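In the two complexes that follow, chain A is the common piece, with chain B as its partner first and chain C second.
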Partner chain A sequence: MNKAVKSLILLAVLVLLAALPFYAGAYPLSLANTIMIFMVLALSWDMLLRSGQLSFGIAGFFGVGGYAAVLSQVFGGINPLLTILLAALTAGLMALILGLVVLQLRGLYFAIVTLALAEIFRVIVTNIPDLTGGHEGTILKSAIFAGHTYKTYWLVLAIAVGGIVASEVFQRSRLYFALTSIRNDELVAKSSGINVFKYLVIAFSITAAIQGLVGGAYAQIYGFVSPEGSFSVNFTLLPLAMAVFGGMSRTWGPVVGAVLLGLASEILKLYIPYGHLIVYGVIIVAAILFLPEGVVGLISKHVLRRS
Partner chain B sequence: MALLKTETLTKNFGGLTALSEVTIEFRPGEILGIIGPNGAGKSTLVNVLAGVFYPTAGRIWFEGRDITNQPPHQRFRLGIGRTFQLMRPLHHLSLIENIMVGALFGRGLTQKNARREASLMAAFMGLTGLDRDMTKLTALEIKKMEVARALVARPKVLFLDEVMAGLNADEITEMIGLVRKLQSQGLTIGVIEHVMRVIKELTDRVVVLDWGQVLAEGPYEEVSNDPRVISAYLGEDE
Partner chain C sequence: MRGAEKKRSGDLMTVQWLNKRRLALAALYLGLAVILAWWRPYVLVEGVQRSCLYAMIALPMALILGVLGIINLAHGEFMMLGAYLAYWFNVRAGLDPLLAALPLLLVFFILGLATYVSTIKHVLAAEELIQLLLTFGLGLVISQMVNLIWTSQPRKVQLDYVSASAAVGGFSFGTFEFIYVGAAVLVLIGLLLFMKYTRTGQAATAVGQNPRGAALVGIDVDRTYLMVFSISVALVGAMGALFMTRHSIFPAVGGSFTLKSFCLVAMAGMGNLSGILWCSLILGLAENLVLSIRGYSGWADIIFFALIGLVIIIRSRQRQST
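Here is the complex of A and B:
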């Protein structure tokens, strides 16, 4: 497929998606929002994994972003859209500072510490009720855009497009060479002029900022934050499953994974209201066993073989 | 003046002394052989010089600068390149991309320039099929890639850590030719090798390590007749 055709298809898809509110109802729009939010989380998780670092801290930075957005509006009276950027900044800065310590660790140790971080954030916000509302959390007077469905959808779409662009920048810039080298062989990376620690801190901060941004947007859309809701383990596990299912270390893997699993989860909910999570789990386990490179890996392998 | 020199370099791993007060120098433009029995500390020496390990004691000087505390990526940028004893291709990058890494991060080139430099270097090394997956390469090609990845950063000194291991006689002859060509262009080279033919044909001087210490130093003919070297390799008559 040549480049012009590819760009044209992408543009057409983008126009169709942007126009979705004009031909789809409220239910498809809200489903699309959910899928896109998890898609960007899945992308951000995968972007860090390209350096070989497995994070279980998505929910942590997602929650931090949510709280940053809501609290800066409540106490600072800041414009809702700006609070979402502030959420990204807060999560990114926290990752930068924590990364200086945490990124001394590798592999399982890094993964466990990121999991612990998410829990520590949750405990902290629960225990400063004067600021955060404690267990009950904090409710905004109104959701962003006063709950306007179209505008909310476009905001989420913009974030999704931004996430895809960020992922492609990771794939096409020198970051790609640095992170892939670090993932494949850290000794070779540092012996080839790569400042391993610097690139890991960059990747950790940027992906945490994205998770914070999504958390901020999510909190603004639903108009509240709470310790159990904002730091829910779902925000770590579902994106992770989507990236694994779709295919890791490539932009289209998490994107396709999020769409397929997002739709599957909705459909399963209709047919087996209480058993859908079991089926969902079986799909993921099957994907890990039989599709080591995910759905996108499988497709690209077959397409490549044919051409 | 020496390009690179060490001053009573010592490296301990727990209770094990891998290097003990090693003082050696690399003179500009020479090929220095580093030999010694297994476990003598040859690879440890390369790793300490390249910054992978920091020495327990002693200092390292490069072009008159003390680089003892410089991290490995800085040393690579300063001009200290190396290959690895065991082949270490970056298997999610293609052949050309593997070589590009050296140019991107060793010299700070843009992707476009790095790609151009990498393909020139590949041509110099006799590598073709640059978009190939690393799994499709022969041992010789991977060794050449490692040399190219280091060379593309334009190092001043290059360590070849058992670069001939696993190659057949013809391939060794080809590699020797390439190393000679590099020396003729002014590169200083440290050769760690078990294949004595290579040491004999290539090196200007040889340093013999044994139990982490410098046992002997001098031209190959001299060193290979040194009774202490012979007994280190063959064991002593009891």
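Here is the complex of A and C:
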């Protein structure tokens, strides 16, 4: 496929998606919102993975972003759209501070510290009830755009497009090449003058900021935060399963994975109302064992072989 | 000449320094214990019991990390599954959970074999992050399976012997929980003897140090991995039975034990089994101390996190200075 055709198709898809509210009902719209929210989380997780660091902290930064957005509006009276940016900033800053400590030892230590993050943030938030409302959480007077579904959808679409663009830009950046060389061989990277620690901290902060941004938007859309809801393990599990299933270390893997699993989970919820998460566990295990390149990797391999 | 002399005296110094350090550490522990016993005796007793609960669960994780070089993120979930099976045996057959630990050893040994052959074996050569993802997925499968079968409602069995207590002066405390102290010490001694005196244990030590070298001298590395993984899973599964005698169980109960076990393994350092017992005392006593402060007990759950952070800072300093 040449470049012009490719960009034409992308443009057409974008127009179709942007016009979705005019020809689709409320249910497809809210489903699209959910899928795109998880898509950006999956993308941000994958971006950090490309540097060889595995983070289980998605739900943690997602929740921090949610709380930052809601609390800054409640206490600071800030414009809802600005609070979403503030959410990104807060989560990014948290990751920066954490990264400065944790990324000194990588791999195992980093993965496990991030595995504990959502729980740690949840404990902290629950234990300062004066600020956060404790167990009950905090409710906004009204959702963003006063609950206007079209505008909400376009906001989420904008974030999703932004996420995909960010991932593609990242893939072509100096940062990416530095990180890839770190993943391939840290010693070689170091001896060619790459400041491994600095680049990893930057990548960790950026991806956490994206997760915080999504969390802030999510909290603004639904108008509330609570310790159980905002730090729910689902916000780590689903993006992870989507990225692994779609194919890790490429932009289109998490995107395709999010669409496929997002649609599948709607059907699963009907058949297994409780414990449908087991399917995500099986998908993660099976994809790693039998489909290490993911769905996108499989397809591109076959397409390449044919042409 | 002078260099050699200097080196030897340096060696002597390190030996003395090590001994001194150990003595100082022992004195520190003893001093803290005396202060605690006088100030808040229940913190000391319950803290030691809690520490040993953590230690007995962390020991099998340390074994897997020491030999296979991977962290099993499904570790706590295996413990949780063991607790549920003990619960099931008790409800269905009236089997005492403490007795159920014995058949569970066998059940989980077989489960360990199956898990290793079907999954772990295939990622041993893969990147570390793939191994972590895989065991994370396994943990998710186990906890959600339990969720499907038994729902997320907490379960507990009523056993009359668990409320046994004793009194010293005016202070009374539960004695049943000392079973965790016994179990932790027993598992530690058992594992140390296993590593030292059995053929599999000796092979495991060699494989843990250098798998290529071990293979060259004719050790079946794959079989050693299989045995060590299965033994660890058997132990942690049986520990679930001990755990559920005193605690209520729910599908997510294992998760924090995975994290706390890793905290202990990280504090003790790779392959250091007996260190886990000492490190667990720090974690358990600190947690119980915070729990005993009125109005702040909710913060006890983040102590292990602070400890991991501390370990990371100290380790990276050490690495930079060498």
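Following the convention adopted for this analysis, the second predicted complex is superposed on the first by the 292 of 307 C-alpha atoms of A that agree within 3 Å, B and C clash if a C-alpha of one lies under 4 Å from a C-alpha of the other, contacts with A are read in each partner's own complex, and residues count from 1 in each chain.
To be clear about the criterion, a contact is a pair of C-beta atoms (placed from the backbone, for glycine too) under 8 Å apart; a residue touches a chain by one contact, two chains touch by 3 or more.
These figures come from a predicted structure and were not determined experimentally.
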Taking the superposition as given, does A:249 touch the first partner, chain B, the second, chain C, both, or neither?
-> first
Partner chain in contact with A:147 - chain B first, chain C second, else both or neither = neither
Partner contacting more residues of chain A (chain B vs chain C) = C
Should A:196 be classified as contacting the first partner (chain B), the second (chain C), both, or neither?
-> first
Report for A:174: first if it touches chain B alone, second if chain C alone, otherwise both or neither.
-> first
Where does A:76 make contact in the superposed view: on chain B (first), on chain C (second), on both, or on neither?
-> neither
Please work out whether A:129 is in contact with chain B alone, chain C alone, both, or neither, and reply first, second, both or neither.
-> neither
Take the contacts of chain A with chain B and those with chain C, and give the residues found in both.
-> none
What residues of chain B sit close enough to touch chain A in their complex?
-> 50-52, 71-73, 76-77, 82, 84, 88, 90-93, 97, 100-102, 104-107, 111, 149-150, 153
Chain C residues touching chain A in their complex are 71, 73, 119, 122-123, 127-130, 132-134, 136-141, 144-145, 147-148, 151-152, 255-256, 258-259, 262, 266, 296, 298-299, 301-302, 304-305, 308-309, 312-313, 315-316
Contact footprint of chain B on chain A as seen in their complex = 173-174, 177-178, 180-181, 183-185, 187-196, 249
Could you please specify the touching residues of chain A with respect to chain C in the complex?
-> 49, 52-54, 56, 101-102, 104-105, 107-109, 111-113, 115-116, 119-120, 123-124, 126-127, 237, 240, 244, 272, 274-275, 277-278, 280-285, 288-289, 292
